[in-house]
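The two complexes that follow have chain A in common; it is paired with chain B in the first and with chain C in the second.
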Partner chain A sequence: MSVRRFSILKLTLKVVLVFIILMLVVGPFVGIAIWSFARVWYWPSPIPQELTLRYWSEVFRQGRVLDSLILSLKIALLTVGFSIAIAIPAAYAFARYRLPAERILLFLFLMPQAFPQLPVFINLARIFGKMGLRGNMWGIVMAHTMASLVFSLWIITATFKSIPLELEQAAQNLGASRWRVFWTITFPLGIPGVIAGAIHVFLWSMGEFNAAFFIGAPFIQTAPVLMYTASAGYNMQIASVIAIVLMIPSLLFMFVIERFLKAEYIAGIGG
Partner chain B sequence: MVVLKTEGLKKYYGDVKALDDVSVEIEEGELLAVIGPSGSGKTTLLRSVAGFVQLDGGKIYIRGRDVTDLPPEKRNVAMFFQNYALWPHMTVFENVAYGLKVRKLSKEKIREKVEWVLNFLDIGHLANRKPSQLSGGQQQRVALARAIVVEPDLLLLDEPLSNLDAKIRMRIRFELRSMLKKLNIATLYVTHDQEEALSIADRIAVMSNGKILQVGEPREIYRKPVNLFVADFVGVNCVVRARPEAVRKLGIAVPEGAEELSLVIRAEEAVLSRYNASIEKTPHDLLLNGVIVGRLYLGAKTRYEVKLQELDDNIFINSEEDFQLNEPVQVLVKEGSYFLYA
Partner chain C sequence: MKRRRELFVGFLLILPALIVLGALYVYPLILSVYTSFTVGEKYGLANYAKAFDIYWRDIVYSVLISFVTTVVTLFASVVVSGYLRFRNWKFLELMYKLPLFIPFLIVGHAMRVFLAPHGTLNNLLTRILRIEELPGLSRSWIGLVWAFVWIMTPYATLIVLGAFRSLDSAYIEAAQNVGASKWKIIIDVLIPMCRPSIMVAFILTFVRTISSLTIPIMVGPASPNMITVNMMFRVNYFNDWGTANALGVISYLIVMVFAIYYLKFMAAERGGIKA
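Let's look at the complex of A and B:
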């Protein structure tokens, strides 16, 4: 009997644990999803008193949301491009060479993340204002590139470091130039890290608010900024719709890239 | 023709001398094995010839061409890495073809050569596999194929058999030697396994602390070691520290003025027999009395620990005969199987 009681206790604990995890992971999403269809929803009712599709149609009719979504997407993709393009050579240098000012350089890359984001971007906005980069997509791209370099650089550096030096030496030994060694050995083997860095930068840029707000506003609005404005006006429904729409490109991006990652590389890297 | 010639190579890591005035030569088609314990500098020597070590002095010539300051990619020496260093993202075929592609051979020529070398090494059927799908022995062959397919001036082998298990290693020794002889390629072979070197090499260089102590044919290294280190490192030995008087009593000429001597006994050649057995010996053979103090059953043989009366030390000898603990025995060490150093 005692054995059985014990197992029931264990089962109960398991169920509660799974429930808590579900609440944490899925809960917020479910809340947002319900909100996006709610017309009237007063506490303590678990579901809305009245449902409507009005906010969904409103969001898409206005075009504003779609525009800001496309803007966010453009910014994120450009940021990924620049950030990765700068990070790859820099990461290789950090991973393979003893740089004279390595610590200082690494610190420089850390700078944008080392301080509270808000003052950093407010100051950056002032500087960009003088340079005519305010209210301009490129200003946000630049800010995002600078701030996201930490992620891409760290991830890609770690990946390059994990590639045994001997794999490069073997290629060099067979007559390949440094350049050729990089493009035929190091880079292909480092692609999982590059992709991981790209995903991270993309997601971060898509959701970034501070820089987008202070540098872009009021002329251009990225999706998170629009969401903020909407929810600041106590329009939970509009904000919820945008939140859901905002998730779509991120999910797609991750899905596509993970597919690519699995098929091509994970098997090979294992050995 | 001399393929590789190094002159007075020097390399220091702080106070440690990894290479201390190292000069070696390898002839066309010759297999030179460099042996020594870890930290002796043998791998540093190999890597300097490949161009991966910045030397502190000395010159390296390959076929008379001074390559000391050339980068690794311009030396035309092919290296076999101890851990194989196969590229995991390429198939066996692509791995082997890499060096040929770099040399800008035509597609047909590359296919022809790669297929030839894969078949030569008996791994033709693995061409489309990835390295992670191969066994250790197969990976070893691919690494070898990748190195020899480019027809280098010199082949550098870094502990090529160390990652294989003991049984395969024995068999591969023969194959490797006959294969290298068939290709007639000059080879620098680094290993810590003296037995492997004796069986595979044309000549052996023994290194310790960055210095080459002796270079010679395997027989010469085994029979005429120039100093205590070489004598002890090559073969299976027991080193007995003894006072000159004790050694003189055994009937061996003792160098003058030495306070303590080291007697190296090739334990693998010493013969154990019962104390009352009559033994034929020449004046230069060494006959020692002792007592069995320990035994370890090994299957075909038994390993005995023998306490030597005259030398007051213990040595280990294998024998097929059966001796009991505390049984008095005689140990016969033939001339040429023991060495005395001051």
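Let's look at the complex of A and C:
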């Protein structure tokens, strides 16, 4: 009897704990999910007095919401292309070659994660302003390529390093050139890591605010910048709709790429 | 000769990345330091004097907020990691990873709605506790720290739990055999043995908090501000690049010691993998 009561107590505790964790972690999204459907919502009603699909329809209709999402998508895809194309050779070099001044290079490529990035973006906006790249999509693409390069590089380097050297040496012993070894052995085996890196760059670029704000605004607005403007202007519905649209890929892909990522390499980013 | 050639090929392979980093990171970084020392055509410390004069309170505030955030985050991540090191709980595993890739700005907006005076949290709490009104946490330092802890904990946990899990179980079993409780094992065995990883989690949390702009503009109080918000105001409303960059350089100096520790740790670790 006492054993049974004990387990009921334990179960109750566990239910309470689950509830608290859910409230802390998932709770913040319940609010914006409800707001995205609200037409009229006054305190103290727990749910909106009137619901509407109007704000969601803006995602699919010609207008500033759809425009900003398309712009963000374009920037993110271009960034992935440039970032990965530049990162692959550099990652291979870090994984397999002896490099001149290796320690300095290592420090240099880790530095953006160890120091605040905001001043760099602000000054980049100033430089781009003089070159006529402010308010230009390509200015944002360049800034995103630079900032994402440092983490895509380390993700791909780690992948290349995990491929056994013996496989490459075996091919080389049979007379294959280094170029051929890379394309027939190292690269195909490294594809999962490259894809993980690409997804991470894509997600990061889609949600990036600082560079997009200082370089793009007010001339062009990416989805996060529009979300900020809407939220600051108390247009909670538009802000919440964009927030949810941007959040969905983050949650979906989290499970795909999480195991490829080493927190030490990716944690320096953010906003 | 062969060694020379290898060095050359390796250098060529990283050259594109080096050019991008040099032009788009190192150059603006140097420019930010240079601009912070220039007023008009003259060089001097006027920008720093101005920055300290107007913003000294905000500088102290930023450091304090980042410090409190870091301490709370580390505590939370050690508790979660400690639990998951001993027990397998899929639900907790999923929950701590959920916020990993959600952009900061979106977290800021969600937290603003969640922590508002009539927001989701108070809506729920007033009903459970059956009271009329609760104060809102957004636009206060508690709300700011809350939002920061929420996004920083997953990364910190990833690092700390990774270290806890890679530790040989023999140490833990030995402590258990002499009758140590789980708490005691965490405090006396796991934490001391994983100190370098915990240090990295500490540093990354601190640096990311003090350099975040989006969270304070979404949930932070109107005054005092984090210095990142001041940088934005200086540029956007006053077109005052000198003071903005002085604040930027001050933020570099605040994290300097941590950054150097992190760079050394990572370089050593990567060197280890390479050999």
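One rule holds for everything that comes next: the second predicted complex is superposed on the first by the 222 of 271 C-alpha atoms of A that agree within 3 Å, B and C clash if a C-alpha of one lies under 4 Å from a C-alpha of the other, contacts with A are read in each partner's own complex, and residues count from 1 in each chain.
Assume a contact is a pair of C-beta atoms (placed from the backbone, for glycine too) under 8 Å apart; a residue touches a chain by one contact, two chains touch by 3 or more.
Here the structure is a predicted model, which is why all the values come from computation and not from measurement.
In the overlay built on the shared chain, the residue A:G132 is in contact with neither chain B nor chain C.
Between chain B and chain C, C touches the greater number of residues of chain A. Applying the stated contact rule after C-alpha superposition, one finds that A:L189 touches chain B and leaves chain C untouched.
Looking at the shared chain after the overlay, A:P164 reaches chain B, while chain C stays out of its contact range. Using the contact criterion defined above for the overlaid structures, shared-chain residue A:G233 touches neither chain B nor chain C, since it reaches no partner. When the two complexes are overlaid on their common chain A, residue A:A176 makes contact with chain B while staying clear of chain C. When the two complexes are overlaid on their common chain A, residue A:V25 makes contact with chain C while staying clear of chain B.
Common to the chain B and chain C contact sets on chain A are residues 267-268, 270-271.
On chain B, the positions that touch chain A within their shared complex are 50-52, 71-74, 76-79, 81, 83, 85-89, 98-99, 102-103, 130-133, 146, 150. Chain A makes touch with chain C in their complex at residues 18, 21-32, 34-35, 43-44, 46, 86-87, 89-90, 92-95, 97-100, 103, 105-127, 142-143, 145-146, 149-150, 153, 158, 161, 200, 203-204, 206-210, 214, 224, 227-228, 231-232, 236, 239-240, 243, 246-247, 250-251, 253-254, 258, 262-264, 266-268, 270-271.
Listed in rising order, the residues of chain A touching chain B in the complex are 164, 166-167, 169-177, 180, 184-185, 188-189, 265, 267-271.
By the touch rule above, chain C contacts chain A in their complex via residues 3, 6-7, 9-11, 13-14, 16-18, 20-21, 24-29, 31-32, 35, 91-92, 95-107, 109-114, 118-121, 123-124, 126-127, 150-151, 155, 158-159, 162, 200, 203-204, 207-208, 210-214, 217-218, 228, 231, 235, 241, 244-245, 248-249, 251-252, 255, 258-259, 262-263, 266-267, 269-270, 273-274.
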